[in-house]
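Order as written gives the chain letters A, B and C; numbering starts at 1 within each chain.
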Amino acid sequence: MFANFDFDVIRRALPYLFLDGMAFTLTLTALSAVGGIIFGTLIALMRLSGQKLLGRIAGLYVDLMRSLPLVLVIFWFYFLVPYIGQWLTGASRPIKVGAFASSLITFIMFEAAYFSEIMRAGIQSISKGQPAAASALGLTYGQSMRYVVLPQAFRNMLPVLLTQTIVLFQDTSLVYVVSIPDFLGAASIVGQRDGRLVEMYLFAALVYFTISCVASFGVRQLQARIAIVR
Amino acid sequence: MKRFDILGLAVAAAFYIGAAHAEELTGTLKSIKETGTITIGYRESSIPFSYLDDNQKPIGFAMDICAKIVDAVKTELKLDKLEVKLQPVTSSNRIPLLANGTIDLECGSTTNNAERQKQVAFTNTHFLTASRYVFKKSSNIASIDGLKGKQVVSTAGTTNIKQLTEANAARSLGATIIPAKDHAEAFLMVETDRAVAFVMDDILLASLVAGSKDPAAYAISKDAFSKPEPYGIMLRKDDPAFKKVVDAATAALYTSGEGEKLYDKWFMSKIPPKGLNLNTPISPELKGEFAKPSDSSDPDSYKAM
Amino acid sequence: MNYHWNWHIFFEPNPTGGGSYLDMLLSGLLLTLETSLAAWIIALVTGSIIGVMRTLPSKPANLIGFSYVEFFRNMPLLVQLFLWFFVLPEVLPSAWGLWLKQLPHAPFYTAAIGIGLFMSARVAEQLRAGIGSLPRGQKQAATALGLTTAQAYLYVLLPIAYRIILPPLTSEFLNTIKNTAVAITIGLLELTGQARSMQEFSFQVFEAYTAATVMYLLINVVVVTAMRVIESRVAIPGMIAGK
């Protein structure tokens, strides 16, 4: 079955695939994970704040994002973000956002809903005595969150957060639907141009598989280590 | 009384300055001046209008025309430097991305028709082409009726897929229409026998066939879904200042004879990446249009010279 | 916002000759539901087999189950669909490949199978966790009663495990529905695909996507409500979720 395979196509495309495609994918993954965890933590704090309205808004946001397919959200944001920018800045025309910034905003907003659920579970797993002790020591709500609760919640949830980041890494491939050249997009451009879809998609599958496997193995190791420390 | 006059004068002057300023720069020109950048939307596989070469750089006939437009904008705005940003677009998202300001010009193979003119504007026509289909000679589908009950592919978001959809209903063909992301993917579906035919503008089909592994295996239909329709570079609607600059630049290019030289470069000589020659002489209609540039969407307004 | 809203667009005729734009979206909604259900049946059946294999006292069965789950979990769904749709027919003997490619509704079958297998790895993990959460005594009691391993699973372990994992299975079913939108890339005109077609034909971007968004939200509400009812009916008495 590999008789008429043209592996040279892959070799010639390697610089483009990795220096452009994979660089885009990894940058997008890393920045979206950081942004998504920060925004997700804020949402989690809103939901646990005890303020009814804030909690409701945060809850609705999470439910909305988790009800929609990522593909649809990508379409929405790619077309909508410039208008939102116009609305925020009061400009006379839609703001130019660009492919990378637009996908970054999309993934931060979308993944924050998932990260917020993880952080919420993490915060809820901290015993009530801890913030109580913190406030007895004279720490404000903000200080007790920042110095006592969140660091522990983050630490406890690190494996889950990283697992979600691996999911995010795989999800970034969906920017294909708006023709942004990430790793998969680059592979498909080359594959379609040279009529070599079979080689390019098999290679892309292999690369995604290897990176995800290695990363989830790393997470499992980490989980074991954290478990011992605790 | 006198003070009132002076006040009135000052107000009038302020209005005048404001008006003069607004007249100088509005819309796209203003944002280009402010940011020092212009964003061009290009296509991945609209050969030879706008496509990626071996280094994944967009090139083509429409890209060359846009380079001239960029030069004209630069001169108009008296800029020392104008950065050109390139943004890939598909047939499906080019119009929303133009409307929402992601791109300023779309340089590819976009059909200029009355329906689209309600959404966007077009500059002077740079090509005329009819909607046909490509098929494998072995399948021998001589007419549109031969597509009955077959799987037919076209590119999502094109006028072609719309014409195919309408013909499918009007002639009750019962064909299964597969939307593809771009022309290269659609052509591959015919090459791999997933679809029997690919409905597209005939010039794009001819280029895809010429660049394929076995050009002799394919034929393009005589039957057409449309008259030869004009292609135009697309820009935002309701931006007359910018359109004026773009129209002037393209008109100067086409009437000077340089347009025909560019045409010959892309249609009558070897083009990257594979060095194929499309060997498509300029049509009398397009020659007439180059002599008298027009942005009309009406196919009948293009007469042979 | 210089965008021309036109909410009447839904009642204007679409170019397929088959009614209005709303009809187009509804046909997409129907296809989304059909694809999701087909994929979910595949996911439940194969996921259950693999999930059980991972808990069996057999090294080879564990290893197969583990490899299966890792294989389907570590590749983006989009790439898996491309493998099924573009790659598989080309590496098969050419007659089989041709048959596959010319199959009517190939995108539907590909999506149902591709998404079904992708989700089966997740169902397997949930079931493994569910079986793992049962007290050891259950299996031992079953063995003591003279039940074979197959009987123990069929009559004792699985019925309880499924009832325990019903809530996570609900969210996996919702994920299946959402994942059908990925099949837009292989030409399946499900709900998101029809919304995109409507955008292309009518140029009314935001109306099209708003309608699709509302429909997805409705599906969610219906599924969640239905599952709540089922959950409360099958909840195991004596457990936190039970009565």
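As a convention for this text, contacts are C-beta pairs under 8 Å (C-beta built on N, C-alpha and C of every residue); 3 or more make two chains touch, one makes a residue touch a chain.
Bear in mind that the values here come from a model prediction, so they are computed numbers and not experimental data.
Among the remaining chains, B is positioned farthest from chain A, on the basis of C-alpha centroids.
No other pair of chains has as many C-beta pairs in contact as A-C. Averaging the CA coordinates per chain and comparing them to the mean over all protein CA atoms picks out A as nearest.
Work out the mean CA point of chain A and of chain C, and you get 22 Å between them. Inter-chain spacing, taken between the CA centroids of chain B and chain C, is 40 Å. Between chain A and chain B, the centres computed from C-alpha atoms are 35 Å apart. Looking at chain B, one finds that residues 96, 99, 181 touch two or more other chains. For chain A, the set of residues that touch two or more other chains comprises 79-80, 83, 86, 93-94, 177, 188, 197. Counting partner chains per residue, chain C has residues 3, 90, 185, 196, 205 touching two or more of them. Chain C contributes residues 1-3, 70-71, 73-80, 82-83, 86-87, 90-91, 174, 178-182, 184-185, 192, 195-196, 205-206, 209, 212-213, 216-217, 220 to its touches with chain A in the complex. Listed in rising order, the residues of chain C touching chain B in the complex are 3, 15-18, 89-90, 98, 101-102, 104-107, 185, 187, 189, 193, 196-197, 199-201, 203, 205.
Residues 16, 20, 78-83, 86, 93-99, 102, 177-181, 186, 188-189, 192-193, 195, 197 of chain A touch chain B in their complex.
By the touch rule above, chain A contacts chain C in their complex via residues 1, 64, 67-72, 75-76, 79-80, 83, 86-87, 93-94, 170-171, 173-174, 176-177, 184, 188, 197-198, 201-202, 204-205, 208-209, 212-213, 216. Chain B makes touch with chain C in their complex at residues 91-92, 95-96, 99, 118-119, 151, 156-157, 161-162, 165-166, 168-170, 176, 178-181, 192-194.
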